[in-house]
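Two complexes, one shared chain (chain A), two partners (chain B, chain C).
Up next is the complex of A and B:
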């Protein structure tokens, strides 16, 4: 009886905490989205009326649309490359013992402990030394460095959790190591790989701190464009562009969820 | 007679036809050139594109590419890429000019390079022949006239006891926005070398401060939500709030107004210095100079005549007002940066 009571209290407390956490996570985005449909000229909540004028202005704005395209293709390329490098690193860490394994693991996670500003400036100087600052390479590499730890961590968790009996069975049936990876390992850890790709996409797509040092020649990313816009002018266009960013990110997540199912992704 | 006229006309037409390609080529002398300009984003960049880049492109064929960024990041980019700068035009305000000169990556620009430099008003070219000043931000007290019974008239007024829990001030790390402290000091017998009067006033104003604005956007939101009734902001932001219907009054302190000038510079190793000079000439022309006042009511640096409807919303809109502009020893202001930030934080946290 007493246990039932304490269980119920814990259950209710858990539900309350979850509700508060989810609300706090979602509320800022919800407020921004609602404010973006305002018919007024300032970002007030609640908006005085409904209008799509700020979305029209956002889609008509060449700097924002160019930046959206830059952010999207950089994030897609970064996700793809981070997945390849991250999977290779995670596979090596998970399956093999070799000298310097600890160092590799440490290196893979090091971008998480270095402040992004320091990383941005460091990469800028590195690429300046290599005379490569006026190419897309610094931006791609900068985002890649930020995305790899998330990919390695996620793939490593998937590799650790999946059952290796099937791999061993395949090898007993004379499958080559490459065939085992391609036909057994990768399909089994696919949800983990796709989660990692989402992490990489979101990390790249929303980054300001590193991007601001590595953009060049008009190839500004959307978060940097937004950040500088706010510095000079403040109107609901900011909310409309932010909402577009949220929609793009959601579209990527929902597409992947639709492809493989939410349960598997979790 | 008719024959003579006909011959004259025919000759003139033939000469024009022959000269046309040459004249056209002269006009479009920057065709195929892309000028890379470090921008500050948003309406600011849009205005410069509209009033400087677009007319120049039409006349000379010069294509202008503006890359939005922050002053701090742009400075680091320029220092890291001295030999191959990412921009042909680098923008900096008075405070960042000190850093740019220390880093020694910008070149001198003389009147013979940009003839419109002769139109710059006295006192605006703060760094001899370095940098072309083209716009002025002032940092002045602003207040909501519906929320305050007694108007603010000076920087010192921000410490008035009746403003308890009603003001917002910029965070200490904003070098130009924090010029209000110099205003407080000089209004009370201090100077840039003796900021004590300002710090004493800040101590007094401590209870008035609701929050230090980490960005001007945050400060605007506080005004829009009615959380604060007064603060210190740039004249452009004051105008922006008025344009949105808020009853915001910009204060013109009678003992002096403090502000920072925006400069355009040409890096020493710029790829297109000729085109950059043409861009600066257009920036200082009447057409270029009136862009930022039109869109943001920012101050001008030349003798351009301001249209009445624009001038009424601007800080420096007359010779009398201009006489209130205080000169700032930027080198000293920036040299004292760390100690100033430390002192402000100590006062406000204490």
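Up next is the complex of A and C:
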């Protein structure tokens, strides 16, 4: 009985903390969306009225639309390549035994621990030396490196979760290894593969910390364009463009959630 | 398995792994090595340096301005990690114990800041903290302040925004370990008349330590290398090492010096987290012995 007091204090403190945390996590995105519908010309809060003028301006703005196109283009190619490379590696890690497996897994996840500044300037240095800074290649390669850990992790998880009885049955029926992969394994882990590709897409689409160093040549992505714009000044145009990014990202998250379920989203 | 087939399997495995290994060696390991090499170049401009010198490192450590920024960056990293731990642990824990349906929307709210571009989040905070922003107008209308306060360009503002950005990493790390802790253990503790606090301290925290460590490491490394947030939220008034490196390279084009600073950040960050993990691991082993006694 004497413990009731500390129990209640903890219960209440927990509830308060959770309320603050969820509000704080959602607040910036919600405010950006509200601000994007302002009829005013500055970022004052609360907005004076409702209008869609900033969306119209955003779609008419050439630099932003060009950047949106570049971002989409890079993200699509990156998710495609990351899926192929990441699936091959994850499959080998999951199904084959070989020395140095731990080291290889460490290598696959290492892009997560290298600070973005270090990777960014390293890649800029490398591509400047190869005289390739004017191309889209630095962005593609940089985002591909960043996407690998997410793809390998997601594919590894779905490979180790799915039941291998069907593969063994197919092998007993004399299917070749290739047939087994194509007809049994791939269809079974399809949701996992799709979400891996989508993770790669969002990683590339939203990245700014590595991209700022790789848009030297003029192929500017949307986040970098936003960063340089906000760095100088900001107005509701940024809110409209940011809202477009939020809608894209939210749609993508809901798709993954639908594919693999919220409990495996994390 | 017969030898030729075994060799065949090894060959297949190598073939499957080759693209990823080549990609990461060529475009992760080589660039990091390139940063290290270029930090020893003699010279102050982009790609113009030659030779070998430790001058950029010497200058960094002899100038108290830089060492104080390095120190402040690390202090900020520790503060951000601690706040994330204190508010992220209860959130991640309760998330793990919720029924699937209730968990769904909360998980989406946690994931959103991770997948959303950093710039968009920082921009959201500019709307909250700006001179005519949400916080100022709320405080003004409540009569707490009589004129708008400058909330941006302060260290607490930068820390607040960093916490919001990296909190999801902590919540998810805690979530993933807590889901593996059997709730039966908590019931057992409460049957043995342990209250929440004791259960928390003696059962949950020790079992969740791996997740806590992963979360702390991630948040710390991300915070000390942040440069977008300090630059946009802190302006020039809250210098952090990351924003200093960005300016050195992208505005002053002083490549070797920027590379030296980036490498100091990388190595100091790795060293700090390694020391922290070793300390935590030894504490954990000792704690385990004490409990076993």
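General remarks:
Please note the rule applied: the second predicted complex is superposed on the first by the 221 of 266 C-alpha atoms of A that agree within 3 Å, B and C clash if a C-alpha of one lies under 4 Å from a C-alpha of the other, contacts with A are read in each partner's own complex, and residues count from 1 in each chain.
Criterion: a contact is a pair of C-beta atoms (placed from the backbone, for glycine too) under 8 Å apart; a residue touches a chain by one contact, two chains touch by 3 or more.
Just so it is clear, the model here is predicted, and its values are computed rather than measured.
In the superposition on chain A, A:232 makes contact with chain B only, not with chain C. In the superposed pair of complexes, A:116 makes contact with chain C only, with no contact to chain B. Set against each other, chain B and chain C touch different numbers of residues in chain A, with C touching more.
Of the two partner chains placed by the overlay, only chain C lies in contact with A:242; chain B stays clear of it.
Shared-chain residue A:44: touches chain B and chain C both. Residue contacts after overlaying the shared chain place A:133 against chain B, while chain C stays out of touching range. Using the contact criterion defined above for the overlaid structures, shared-chain residue A:125 touches chain B and also reaches chain C. In the superposition on chain A, contact is made by A:215 with chain B only, not with chain C. In the superposition on chain A, A:206 makes contact with chain C only, while chain B stays out of contact range.
Comparing the two interfaces of chain A, the one with chain B and the one with chain C have residues 42-44, 121, 125, 128, 212-213, 227, 230-231, 234 in common. Contact residues on chain B toward chain A in their complex (touch as defined above): 36, 39-46, 65-70, 73, 76-77, 80-81, 84, 86, 215-217, 220-221, 224, 240, 243-244, 296. Here chain A touches chain C in the complex through residues 3, 6-7, 10-11, 13-14, 17-18, 20-22, 24-32, 35, 42-46, 84-86, 88-89, 91-93, 96, 98, 104, 107-108, 110-119, 121-123, 125-126, 128-129, 141-142, 144-145, 148, 152, 202-203, 205-209, 212-213, 222-223, 226-227, 230-231, 234, 238-239, 242, 245-246, 249-250, 252-254, 257, 261-263, 265-266, going by the rule given at the top.
Those residues of chain C that touch chain A in the shared complex are 9-10, 12-14, 16-17, 19-21, 23-24, 27-28, 30-32, 34-35, 38, 46-47, 87-88, 90-91, 94, 100, 103-104, 106-113, 115-128, 130, 132-134, 137, 164, 167-168, 171-172, 175-176, 195-197, 200, 218, 221, 224-225, 227-228, 231-232, 242, 245-246, 249-250, 255, 258-259, 262-263, 265-266, 269-270. Considering their complex, residues 41-44, 63, 120-121, 124-125, 128, 131, 133-134, 212-213, 215-220, 224-225, 227-234 of chain A touch chain B.
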